[in-house]
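What follows is a group of structures, each given as structure tokens.
Each of the two complexes below includes chain A, the first together with chain B, the second together with chain C.
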Partner chain A sequence: MRHKIIYVILSIFLLSVMVFYMARLAPGDPLASYYGDRAEKMSPKERKWAEDKLGLNDPVTVQYVRWLDRAFHGDFGISYKYKMDVMEVIRERMGNTLLLGGIGFFLTFGLSLLLGVLCTWHEDRMLDRVICKVGTVTSCIPEFWLSLVLILIFAVNLKWLPSSGAYTIGKEDDTADRIWHLILPMTVVVLGHLWYYAYMVRNKLLEEVRADYVLLARVKGIGKRSIMFRHCLRNILPSYLSIMAVSVPHILGGTYIVEMVFSYPGLGTLSYESARYQDYNLLMVLCLMSGSLVILCNMAAQAISEKIDPGITHTE
Partner chain B sequence: MAGQFEIVGMRETAQVEPEQKKKWYEGKPVVSIAVLVLIVTGCLACSLITTKDPSYLDLKNYNVPPNQEFLFGTDTMGRDIFSMVWYGGRISLFIGIVSMVISTVIAVIYGTVSACAPAWADHLLMRFTEIFLSVPGLLLVIFLQAALGEANVLSLSFVIGITGWMSISKVIRTEVRRLRNSEYVIASRCMGGSFFHILWRHLAPNFVSPVMFMVVMNVRSAIVAESTLSFMGIGLPVEVISWGSMLSLAEKALLSNSWWMILIPGAFLVVTLLCITNLGNYLRRNVNRQERNL
Partner chain C sequence: MPELLEVKNLSVSFDTPGGIVQAVRDVSFSLRAGETLAVVGESGCGKSVLCKSIMKLLPPSASIRSGSILVKGADITGYRERDMQMLRGKLFSMILQDPLTALNPVMPVGGQIAEAVKVLKPKISKAELKARVVELLTLVGIDRPEERMKMYPCHFSGGMRQRIVLAAALAGNPDILFADEPTTALDVTIQAQILSLLGSIQKELHTAVIFVTHDLGIVKRIADRVAVMYAGKIIETGTAEEILTDPRHPYTWGLLQSLPSCSKGKDTLYTIPGMPPALINLPKGDAFACRNAYALGIDYEEEPPMFRVTDTHYAATWLLDPRAPETDAGLVCCGDHTPKPPDGSSENISKNNAIQNTRYCPARAVYSEIGAEHLYKNTETVDAEVDKNDKHGEILLDVQHLSRTFSIAKKLSVNAVDDVSFQIRRGEIFGLVGESGSGKSTVARCIMNICRPSGRGTGNVKRHVKLQEGLHKAAGKHPDAAADIRTREAPGTGEMRPGRILYKGVDIWDGRQFRANKRMLGTTRQIIFQDSNSSLNPRMKVCDIIAEPMKIWNITPPRGSHRAEAGFQMHYVGLDASCLDKYPAELSGGQRQRVAIARALAMEPELLVADEPVAALDVSIQAQIVNLFRHLQKEHGFSFLFIAHDLAMVEFLCDRVGVMYQGRLVETGTVGEVFANPRHEYTKKLLSAMQRDIFPQTRNKRQ
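On to the complex of A and B.
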């Protein structure tokens, strides 16, 4: 247990070092994101003053230590672009991403289980083949293109659904309006990942169905349905859970692209902006958040699979 | 007496050999390979099949729907989409293959080194890949691309290549760890075989089949990465024609409802990806399937 905690802390620390150095070594002008167009017209003296004010003239290591010191006191600095505390900026957007990613995650989780069971039930029959074919095709469609096609069909031509944003301006608190705006992005998030996991469930179930205990249960006269749901499904569920834990960041990464295409105000668009415009403080926190999420989810997955099969140790 | 009984034994039965011989194409992704070959030859021979210069800005005919002259229409800058699709495919496929090669080489070397290294170094190297995997891939690419300056075909394939090797290297490591203490590897090492000699002659032939699928899928994800990046405007610029950069005009196309600018390059992209996936799945498919008990 102690090893694990040390490992998590160490990983997050290394991640922060990597992101910090990479962001600063990448060319680009952080002043441009702070001062906008004015940055280009600054005299060298003004520039120096501005850089001193933001602490950009010190060696990178000094900057890092200062950042770390402040971070330990809960101060992650201000966003250069929004001129607000980083946490404030993130808090505003976090809900939107959690809504999209969270609901998307559970929908993917449930639907893929359902599809997997359906395919196994009808193995090698028409339904299974159709689902498999459709699944392979959808898994090949890049998320951004799927979004474009959906926008083209449902927003531009049929005018049924909005093409961007998270809510109509002035209707921030209207739940129905938010759901309205969520439909298209959600479809893309779910469709983009659904097949991968459904296929996994199908594979695992197909393996399970060939186990000896199923034969025994059949011989004892237990119904097919009850074997499938009481025994097979139950057996694969823990390993499926661990796969889903690993997939959290995967799905999160998927929402990032979708957010960008739909200009949905969430963490994805924010990360993209901050990386593009050298908004260092914001970038650091966003990277650390997603990185820690990945690390924690991996830990959770390991813990689950160790619980299922105590023989597995991950030191090897 | 003799006619009363008959000696019974195994009854002679005519062994009916199942006549249906497997045709050569059965179970193989023939259609996918054919389509893929078609697309690849079309892209390689693009100057023969296209009638127009893909980069020529025909300002009189911009945003024209598909017609006799412009088979797939023209984009908002007046370029002929039919020619662009073939020229663009060349670049997209090139990026896919080059970055696959880069990732595979890194993955093979990294995975093998990690597997052959002492336990602590192995541990360290694998943790490093995990940390690498935890930075969102897209951000990593944006950083690297920013560091390399204006994107061109080679720099983009390089960036995609060096961000896509982690999962392959993990598989290779597992395989090599399994193999590294085999007699033939030890024998080769005793006879003074160098690291690359052992890797190439003894280890690689053994891990080719489990890795093949991932390598093919790597081409696919590299093509997806290229198109996504170019679409977002941080990959190839609009003047360098690829399937992704063609789609970067999609925003304008949505405004004018010009479906051909979105659907046609995208369809080429998806069909190619689909063929590659089928190929990959074929490589992975399990041949001996057991009878189910349910």
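On to the complex of A and C.
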């Protein structure tokens, strides 16, 4: 256990160092994001004063140590663009991303389990073949393209659904309106990942239904449905759960792209902007957050598979 | 009263891309309540398919072409899946070959049995259900059932799991129990336990059993009646007594003679030449004709009908036709077993004058002998004396105090090998026997530098406290009392002499000596593994596999090219040169094992280690491979460590034998000594489990 904690801390530390240095290597003017258009008209003296004020003239190492020191005290600095405390900015957007990513995540997994079972049930018959063909095609469509096509059809031509944003201005607390806005981005998130996982479930289940214990269960006189759900699904669940845990970042990455295309005010757009506008403090926190999520999810996956497999835990 | 199960002219075939496979052809038999029918034959003869087709458990690609299945007089041939589901568990049930995969690994065993009980009584109360599960577990001889029912399959040994499978299969009180090679995957001692359990349960519950096996040795113990299957057909059927003492079909003769105990004191084991035919394109006439030394001309033209021998005994061979010549064949090995000349009672053939008498003349078997059998029939007698002289040769391999511990968890470790010492001389065949998990393979791996012995680690050497002597003594006296896994505190500081393995005087686990003799060690020691399916690279052609070690060690092949060398070696082990460009998956199990042997022999080894080389093969193929080993060893004179759990094979092949039990070498000696006068309790148990008694018994009855 101690090893694991040290491993987590070490990886987060390394990540912070890398992001900190690399952000400063990227071309661009951080003052532009703080002062907007005024930055262009600044005299060299004003510029120096502004840079001093933001601490951008010190060597990078000094800047990093200062950042680290403040971070330990819970102060992650202010966002240059929003001129607010970084955590404030993130808190505002976090809910939106959690909504999109969270619901997308569970929908993806629920549906892929369903599809996988359906395919296995109708193995090599019409339904299975159709699902496989359609699935392969959808999984090949890039997310940004699919988003654009969907916007074109449902928002521009048919005008059924909104093309961007998380809610209509002035209706922030209207749940129905939020769901209204979620439909298109959610469709893209789910469609983009669905087949990848459904195919995995299908393959694993097909392996299971050929196992000897299924034969024995049939011999015992148990029906096809209980064999599928009580025996086979139960057997693939450990590996499926750990895949789920590992793929949290995968789906999160998907939502980032989707958020960008739909101008959805979430962490994805925020990360993109912070990187683009040299909003160093914001970028740092966002990167560390996603990084920790990846690491924690991997650990969770490991823990889950250890917990569920009776072979590992129940040694007397 | 109708028969419990009646199968009439059943034919089952599979639709495969390669063509239609006729897995079961025109099979008829019947079964009465409480009776045991043994279905015997080599693998690939349709035994399992027959069982599964009766229970309708075959994949969709299989279909019943013709025939009918009657259960208690009712025809179930046309039943659909839903109707069959009602019958399964209650009317018939099945136990499978491999108990390790037959249970769901993530479900407690009690739950898996309870499930089967619930099928029969869906409204059973919880308390009743539990009582029933406990009752079933007690029935199959599992101690502390209340505790055990909550455990998962991985906590049980193979034998225990097979008992649990049996409990689950018996949950619905079936009238018929199919047993599909239920003991093949188990050790000899466990095998005997399961067989006697099956017998007692059958008496208690009055269940009819269809027992599928390829081992005729088992048949004597359990079967009332026997059906011998070949190429999808039942070719001989009769009571167990009749089949074992008075077999009529040449195939049954062959099967009986293939039993190792039958070839005792002979130079080669009897084998049936060749392989069962692929069931896609069956040859014209009798499918067995090309492997049959007593084949008649007519065998190649027309399939023989069933001839009546007695009211219970039928056989499908033209030898029983009144016009066939008398044969002096039969069970030569058992002296008094010459079959009676065919009596005139065969009714089926009657007055078919169209068949000319000349067709009943013996024809020569057309099975193309591909070298192997021929090769060593000529040479086998020559080297018998040389063999004797070699016995006192120098010591080639000296294993001293070898130990190997595997740690499972921090404070838990298993002594896979515990203080094992033995020596192999030049030109000697040393057999290592013991049940699975007794550490035989680990010894082989340590000898081959694959697995590091304990106490020979690099750097920080953790020495383990030697096990308490008391525990060992207990283990010696009461083999059952000793636990499989011995727990103890974390490694202490006690001193223990680290084991050594000296090969030609070189300590192979000493880094410096190993490096200095690397080439010698790499080229003169060779190993053959049990599962040729996984030990040969599936993406390499046979000729590359055989020549690979030469390429690795930069040896110029003595016969010109690598390919020529591979071809020579293949001919040497009895493989056809046409196999050179095949991939391992295209070969049969026996052929693959021959490739593995050819690969090892291409290096002209001085020490050959074979880790259960025949355990995964059919009885008749086993005999072929063991014959090959015996012949090759005489030709080459290499030292041979033969690891097996089949005592009969060891008795036949080896000069000296070591018995391993729970990681310790409990007995060593020459084969004659150990088999005639076993000292250790475990050896005695092993020997009594060996089915060596079937022929003496039958002999007495006949006299």
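Heads up, the rule we're going with is that the second predicted complex is superposed on the first by the 307 of 316 C-alpha atoms of A that agree within 3 Å, B and C clash if a C-alpha of one lies under 4 Å from a C-alpha of the other, contacts with A are read in each partner's own complex, and residues count from 1 in each chain.
Keep in mind that, in the parts below, a contact is a pair of C-beta atoms (placed from the backbone, for glycine too) under 8 Å apart; a residue touches a chain by one contact, two chains touch by 3 or more.
Please read these numbers as outputs of a predicted model, since none were measured by experiment.
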Partner chain(s) touched by A:Gly221 [first = chain B, second = chain C, both, neither]: second
Touching partner for A:Pro44 - first (chain B), second (chain C), both, neither: neither
Which superposed partner A:Val209 touches (first chain B, second chain C, both, neither): first
A:Pro238 touches, of chain B and chain C: first, second, both or neither? second
Partner chain in contact with A:Arg276 - chain B first, chain C second, else both or neither: first
Chain A residues contacted in one complex by chain B, in the other by chain C: 211-212, 215, 218, 224, 315
Complex contacts: residues of chain B adjacent to chain A: 123, 127, 130-131, 133-139, 142-143, 146-147, 149, 220, 224, 227-228, 231-232, 234, 247, 250, 254, 257, 259, 262-263, 266, 269-270, 273-274, 277-278, 281, 290-294
In the complex, chain A residues that touch chain B: 7, 11, 14-15, 18-19, 22-23, 25-28, 123, 136-137, 139-145, 148-149, 151-152, 156-157, 163, 206, 209-212, 214-215, 218, 224, 227-228, 232, 249, 252-253, 256-257, 260, 271-272, 275-276, 287, 290-291, 294-295, 298, 315
Residue numbers on chain C that touch chain A, as the complex places them: 55, 57, 81, 85-90, 93-94, 96, 98, 101-107, 115-116, 119-120, 151-152, 154-155, 165, 168-169, 171-172, 408-409, 412
Partner chain C, residues of chain A touching it in the complex: 211-213, 215-224, 226, 230-231, 234-235, 237-238, 308-311, 314-316
